[in-house]
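Letters A, B, C, D and E name the chains as they come in the text, with residue numbers starting at 1 for each one.
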Amino acid sequence: MSIIQVEHLKSFFKTDEGIVKAVDDVSFELRENEILALVGESGCGKSVTAQTILGLLKSPPAMIEGSIKYHGQELVGLSNKAYHKLRGKEIGMIFQEPMSAFDPLYTVGDQAAEAVAVHSKLNKPEIRDKIIAMFNKVGIPEAENRYDEYPHQMSGGMLQRMLIALTLACDPKVLIADEPTTALDVTIQAQVLNLMRDLQNEFNTSIIFITHDLGVVAELSDRIHVMYAGKIVEKADVVELFDHPKHPYTKGLLASRLKREMKGQILPFIKGTVPRAFEFPEGCRFHPRCPHAMEICKQKDPDPVAFENGHVCSCWLYLKQNKTDGVESQ
Amino acid sequence: MKKLVCLFTLVLFAVSLMAVPAVVDELLTPEQPKLGGTLTLSVTSSPQSFNFYGTLDGVAYTIAGQFLNALVEMHPVTNALQPALAESWEVSADNKEVTFYLRDVKWSDGEPFTADDVIFTFENFLLNKFAEGNSIARFTINGEVVKFEKVDDKTLKAYLPAPYGPFFTVLSHASIYPSHILKDKIDENDPGSVNELWTTDTPLNEIVGTGPFVLDQYIVDQKVTLKRNEYYWKVDRWGNQLPYFDQLEYLVVKDAQVQSAKFRSGEIDYMTIEAVDYPVLKQMELDGGPFVVYRAQPTNPTPSPIHISFNFNAKNEELAELFSLKNFRAAMEFALDRERIIEEVFNTLAVLGGVPVLPANKAFYNPAIEDLRRPFDPEKAKALLDEMGLVDKNGDGWRNLESGKTLEFVLICSTYQAYQDTAYIFSESLKAIGVKCELQVIDGSLLAQKALSGDFEACLWAFGNQPDPQLRKAIWSPGYSLYYCHFDTMNPETKEPYADLRNMYDWEKQIHYAFEIGQTAMDPRERKVQYGIWQELYAEYVPFIYVCKGMDLMGVSKTLGNFHQTADGALAYAVYTMFRK
Amino acid sequence: MIVKGTNLKKYFPIRKGIFLQTAGHVKALECVDFELNENETLGIVGESGCGKTTLGRVITRIYTPTGGTLEYITPEKKLLHLEKAVDKHQLKRFRRDFQMVFQDPFSSLDPRMTIGDILREPLDVHKIYPNQRERDEYIEYLLERVGLYPEYTARYPHEFSGGQRQRISIARALALKPRAIVCDEPTSALDVSVQSQIVNLLQELKEQEQMAYFFISHDLDLIHHVSDRIMVMYLGSVMEAGRADEVFHHTSHPYTRVLMKSIPHWDPKQRKLDKIHLEGEPPSPINPPKGCPFNTRCPEVMERCKKEMPQLQPITDNHSVACWLFDD
Amino acid sequence: MASFIIRRILIIIPMMFIVSFICFFLTELQPGDFVSQYLENPRISPEQIELIKERLGLDQPPMTRYVMWLKQIITKGDFGYSFAFKRPVIDLIWERMGWTISIALSTILFQWIVAVPLGIFSALHPYRMWDYILTFVAFIGISIPNFFFALILMYLTNSSGGLFSSQFIGAPLTWAKFYDLLQHVWLPIAVIGLSGLAGLMRVMRGNMLDMLGAPFVNSLRARGLPEKQVRKHVIKNALNPMISIAGMELPNIFSGTVITAIVLNLPTMGPFFYTALLNHDQYLVMTFLMFIAFITQIGNLLADILLAVLDPRIRMS
Amino acid sequence: MKGNTELRVRKAFFKHKLGIIGMIILILLYLMILFADFLAPYNYQSTKRDFTFSEPTKIHWRKDGEFIGPHVYGMTKSRDPVTFAVKYVKDEEKIYPIRIFVRGDTYKFWGLWETDIHLFGIGLQDDAVLYLFGGDRFGRDLFSRVLIGGRVSLTAGLIGTLIAVVIGAVVGAFSGYYGGWIDVVIQRLIEILRSFPRIPLWLALAMLLPPTWPSTTVYLGIVIVLSFIGWMGVARVIRGMVLSLREKEYILAAQVIGQSNFKIITKHLIPNTVTYLVVVSTLSIPGMILGESSISFLGLGIKEPMTSWGLLLKQAQSLSDIQAHPWLMIPGLFIILAVLSFNFVGDALRDALDPYRTVDKV
């Protein structure tokens, strides 16, 4: 049962350098009670996808096509007013930089209360109680006192917890987490990831988790979609993907991981660099860096190929040879 | 506004025993008045003080003129000397003793005016060298000061060291202060403390006078209001107590154009007009505006005709030598296009104006100087310069000095627009005859400082003007404060001003002697002769090249009564006889 | 040995008010000892605010240490003291031998200079290759050395990607033929797929140029990969130090252990996050806790830890720990 | 917070010392002195001038006078004596301060009341017709010399400046007088206010645009706050930086009044200062400059305090 | 963040229509003053008695309905016997065609070579003038005077800003780079100086200029007075920038390679603030132009025979002047035009450069 159904989504921007195809023909679905990870390097379009779902991109300059369905309701082209009912209440979002996600002039408690008040009919003391309870739940010590403090008085880890508390206090069905731990230290990251896992179990929230860190993905997610240059190149169950990556890009990413036993050796790597958003190459966008690049890769974008276990990969290697069980790395 | 005088009439030195009633004549009251109302005039800044002996501020002088009187005064129109606080006086045969009989006058607070007030005023203000606005120089004759002595409450004697022709004239400027108010406020040990009396924060009921009005209200930087003095001692022909207006207001209007705007909108009843503004205002009058614009022969004392002077002791010795040559100065006069200046700077509303004495001053004006004036003639100027060997030696268009340097000098003038324009036109004319004249426009006070310390080459300036040449002693007498073109003639060894005849040219000596005689002469004809000699010498040797003098231009609201132009062109009015129609 | 630090301290004054009076100190480094040997990589690892970047800047003398000694041994075996105001020539000499590669490839290159200018600057300062042709050849050589094309000299930094810029940075550091390079998180701003390229380049240079590295990172795996010896820092102090293998295989300090466990494992079948229990957050370096800096979060905290600061003590030949658990 | 304010106040003392020093030597270095204006007056002799100089202390070396002046200020609160008015300068300044401050404050009020809403409006409709029109008008406002604008307005409205019609000067306060004041006072406020207004409006617009792009705005929207509530946050954040501008604006308002006040004949400090400057009424000039500098310091102080009250980040650091 | 700042600024600037219009006007204005002698039909100092306050000359194209090209008629001056107002009566018999490259007053072009060719005019005639903006009280050509006066007004602002920017950049850079006590002292000093009101301080400073200085020196003096106040704003902005640049790693890199502090400031810090400096300069020039005109308007600035727009406007000070000779206000329009254009350009540059507005309120 899918909560969010994204089909052929395109988010383009007009800039001085040309049209940026930040998200280009992306389709996926978010299922109930799962953590779906969107993984990719900088500029791959994962954040834009999230913002498009929540209608946070201004149009113009953004040009959005395709379809996003939330419980069957079409979100593309939805009025701002209708979105107000959706954001927070149905779909919540957490951001990479917890510090800049808060208005510096109001206390965290007030900001949380403001958000909750919009979506519920509770009176003020009830809201306060609810938020403090939520703060306690996310492990904020002295939640009562923290309620009246300002964002700048708090550490990043603390703020991120509060942002999670604030977002969950509105009881959203879906949570979009945009690199929520990237700005945090590993020890804090571990705490926050743990927290998210626990909360997801408790609240039965579906999560779209956006990150560039495969380690985090491996720890947390149920399914993974790998994005490269505005496209989803591979979709799979988390175990499946780590065990049997199919797309050369995914393989490259996994291979470049540092392993203890490789100390002192030359590390495998993907040649070249990530293309900039306004100069995505023609054909398969990965072909200039792909060790298996063929003539066709330079000309035509590959269509996704479905494998067993819901594993999907967009690569000419599989289209051409038409194998259903994929190709082992050479 | 206190109408200052320019004409000097005969001094009444004969015994005058008849008490003159304080009735103003027909000249000032041609129309039957309506009583009451407010007269609104303007001043250019807030008064710096209400004590005009304690400051040199012109506004203070203007306002004090409305609430104070002197022993004698000049008629506002004819300038004839007439009794004021002194009802009459007699002069001794040797012309050295004057007895004043004081009028029965009350101060505006009801206290009687007595001889003590006069003694008090002379002692503490007029003859107090610490008072900034004192008049010691005017009451000093041959180095000695006039003495006053009380005979009784209403009688007073003045002892002159020598016969002194302009005595009554200087006396008419000596306003009397109330001793009963101020006596206790003076710090005996600090004679300079008189300057701090009647400053602008004094409660206005402590400022009393004998004049037609008395101070009522002072709104900082906005308005000074005076109200009618119930005790004023003048009446009109019909027996009405003067003044007619209940109130006299001075609006503080710093900017000339705002003043002009206020006049046009009828907020100000009358004002003097700049020559450049005359055509527009006259046109408005013709178009039915609420005012009349008058044009009269110049009698206003300040400024005197503009003059151009050259420093005989300029730092550049070659120039100094040149400047002291009569022919050079004559050439400069030939190069001065007075007509053009009158036309362009004054809209033709100016007169040539003689040398320091204006033609309107019939008592002293010497018409002979008209023939001595050198009219604009660049050819003659060129010829004179050529004759002196000042020719263009290097062909760059400028004449050269003997040393080969370009004949050039710096002409300083103040920022006042008419002066600047005059200087500009003069320098243009000089350019045409190959003389380089660089203009330097500087602040008036700075110009004074430079000129009076001899730090200049050429200067365009104007002094105040006075009805009696004696009052201009400071200008013509070496060592005095305004003598500035020939510093060699001042004796550096004496501290008191003293002329050093050794370095004087003959014509300078003649001027010096003429004044020496004129000062103590009591016969007006003798004085006119002596001062006539001075005027002729000035015209001939041109230590100052006089340019011209703007006419008296006045805009007056049509609603004002008793303001008119007499048959001979003089403007006849006085604040205390005007009324609202 | 190239450089040795003993008891190094670095306090930053906190200035407040109109005349910026000192209102306290950020104690970024608290009594740090280290030494760097020739052709050796010393890895410094720790979380943000642990003082590792400060240490890197003290070593390169961007910062003057507040206390302790910093000794440099020249190739001629002369000993220079660098901790206080130093002779200009000596400092220059030292700078030539000790270079640095920075974290952010987007801010470490002057955007107004061409690549050629950037590489020329160190040569000009130290008057190496005054002959223009030789110099240009050398610059081209440097570019090739780091895997770029020589014709890049005329281009500006903004025309390059992060990985390429980091290569330019390395080339600039190499230009003076230094003995050691401080690498301050050289790969943390790079994309995962590019990171390995830079690591490989640095490793290659180490072997070929006999380079010594002072390698700073928050990434334990990376530190393990490149380092010969490592130091684990927490709140300005060294918690654990020793041979890389030793530290990794016999992790001793509770902090290091927690740190190790916190790293997400790239294996979804072995999820471990729920197994760690590290409460709270690091205290502020303005008010570090008394005793052991880690005592506020340590799972094995004892009374003594709250009172006394443990010193770094060897537990084996190549391994020292600053923890009372190992105080025998 | 309290210590912040105290420290902030204490710091004004040494600052004012330096200010006083600058003021003194700024006036001291000017060519000519107070008595030079007397040289032209025929009623006064060189001896008298010497006497006046002596009385006014002008014969002392500058450093001595400066020290004496400072001493008088500290011990007696005496800022010196106006050569022209023979009165303590502080009294003279007080007499004119009322109108000066009233006009300055009303001008600032006017600027804010007009500029802030327009700036917000402009920012919410950026690069549309009204934004362009407002921008254009704003820039015309900045670009007209004050005095020229005053002249043109006077000419157009047939006004003769001042604050009251002459019959109301000094009259007791009545509705008629107040109405008369309003009829006059709009001119200086409009003239002085217009230039700063445009700047403020542009800054407000810019702040708004910046804040609209700030990450927290996205976060607020993501929480489902209605646009109205989001704007409330944005406006509050955009207004804060304006407060310090208000502090800095004070000296500019005062300086705006100098030439305009001369042209418009206002009973404020400006023309008085200008005359004093031309008259070399040294203590008056110095004290005036000091006074304005002081008021500016106070203005900055108030702005700082207000900012601290409104911005927790500043309040708590 | 990516992309060259200058390129980005240039691109963004050219989207700003008002900015482009401003830029074009400025280019025209500066070209105008560059060729002022040549463009001006008359020498700005040459007086004509017979054309005092003559109103802007009417240019006619037709004579008796027949097109004969642009020409003006002869004029005779007369004075109203009652109001003494000057009147000009045209004499349709005397026709003077307007020609280009006409001979007139001689001048030294750029001070280099003497010539008497003017772009257009009717030549030197006794009874006719071509005064596009009318004449002043000496019968000088206001059009020519506006052109020449622009030299002072437009360059005073420019040079003043240049000086201010150089001082401000250096002081700001040192203050920001060294920090510590140097910074504290400089910042306090700037704060003190900024707490003086601008115009009174200008006036007080203008009073310092010895009035006996020749006009060209006064001009320099005014420029220095203007820049005296301008540098502080620049210094503050630059200090702020340097404070953030100082933390940039390329500055650290320069330190590490042993570059001297002086060279770091001059080679790395200041060049990287240049774009900002350009914006700051553009934004502070208008204030300077207005400042010069204010000072000159009050008579404390530029003096005759030199002229500036402010000084020219001084003639239009009185209401009767405005009424009788409204063309005297034309220099005011030029001030507005120049200042407006600078503001447009500055604003466009700022918008283009600085979406985060660090250079507001200089």
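Side notes on the structure shown:
Here, contacts are C-beta pairs under 8 Å (C-beta built on N, C-alpha and C of every residue); 3 or more make two chains touch, one makes a residue touch a chain.
Keep in mind that what you see is a predicted model, and the values were worked out from it rather than measured.
Touching chain C and chain D together: A, E. Steps from chain D to chain E, taking the shortest chain of touch contacts, total 1.
Central chain by Cα centroid: D, whose mean Cα position is closest to the mean of all protein Cα atoms. Chain B and chain E, compared by their mean Cα positions, are separated by 43 Å.
Chain A and chain C have CA centres that are 32 Å apart. Note: centroid distance chain C to chain E, computed from Cα atoms, is 54 Å.
Each of residues 18-19 in chain C touches at least two other chains. Contact with two or more other chains is made by residues 31, 154, 262 of chain D. Within chain E, contacts with two or more other chains are made by residues 2-3, 188, 211, 317, 319, 323.
Taken in their complex, chain E has these residues touching chain D: 18, 188-189, 191-201, 203-205, 207-208, 210-211, 286, 290, 293-294, 297-298, 310, 313, 316-317, 319, 322-323, 329, 332, 335-336, 339-340, 343-344, 347, 355-357, 360-361. In the complex of the two chains, the chain E residues touching chain C come out as 1-5, 183-184, 188, 248-250, 252-260, 267-268, 271-272, 274.
Per the touch definition, chain D reaches chain B in the complex via residues 31-32, 36-48, 51-52, 55, 84-87, 91, 95-96, 154, 158-166, 169-170, 262-265, 267-268, 271-272, 275, 278-280.
Residues 18-20, 57, 60, 62, 91-92, 95-96, 98-100, 102-104, 106-112, 121-122, 125-126, 156, 158, 169, 172, 175-176 of chain C are the ones touching chain E in the complex.
The residues of chain B lying in touch with chain E in their complex are 256-257, 260-261, 264, 276-283, 286, 340, 343-345, 347-349, 412, 415, 420-421, 424-425, 428, 438-443, 446, 450.
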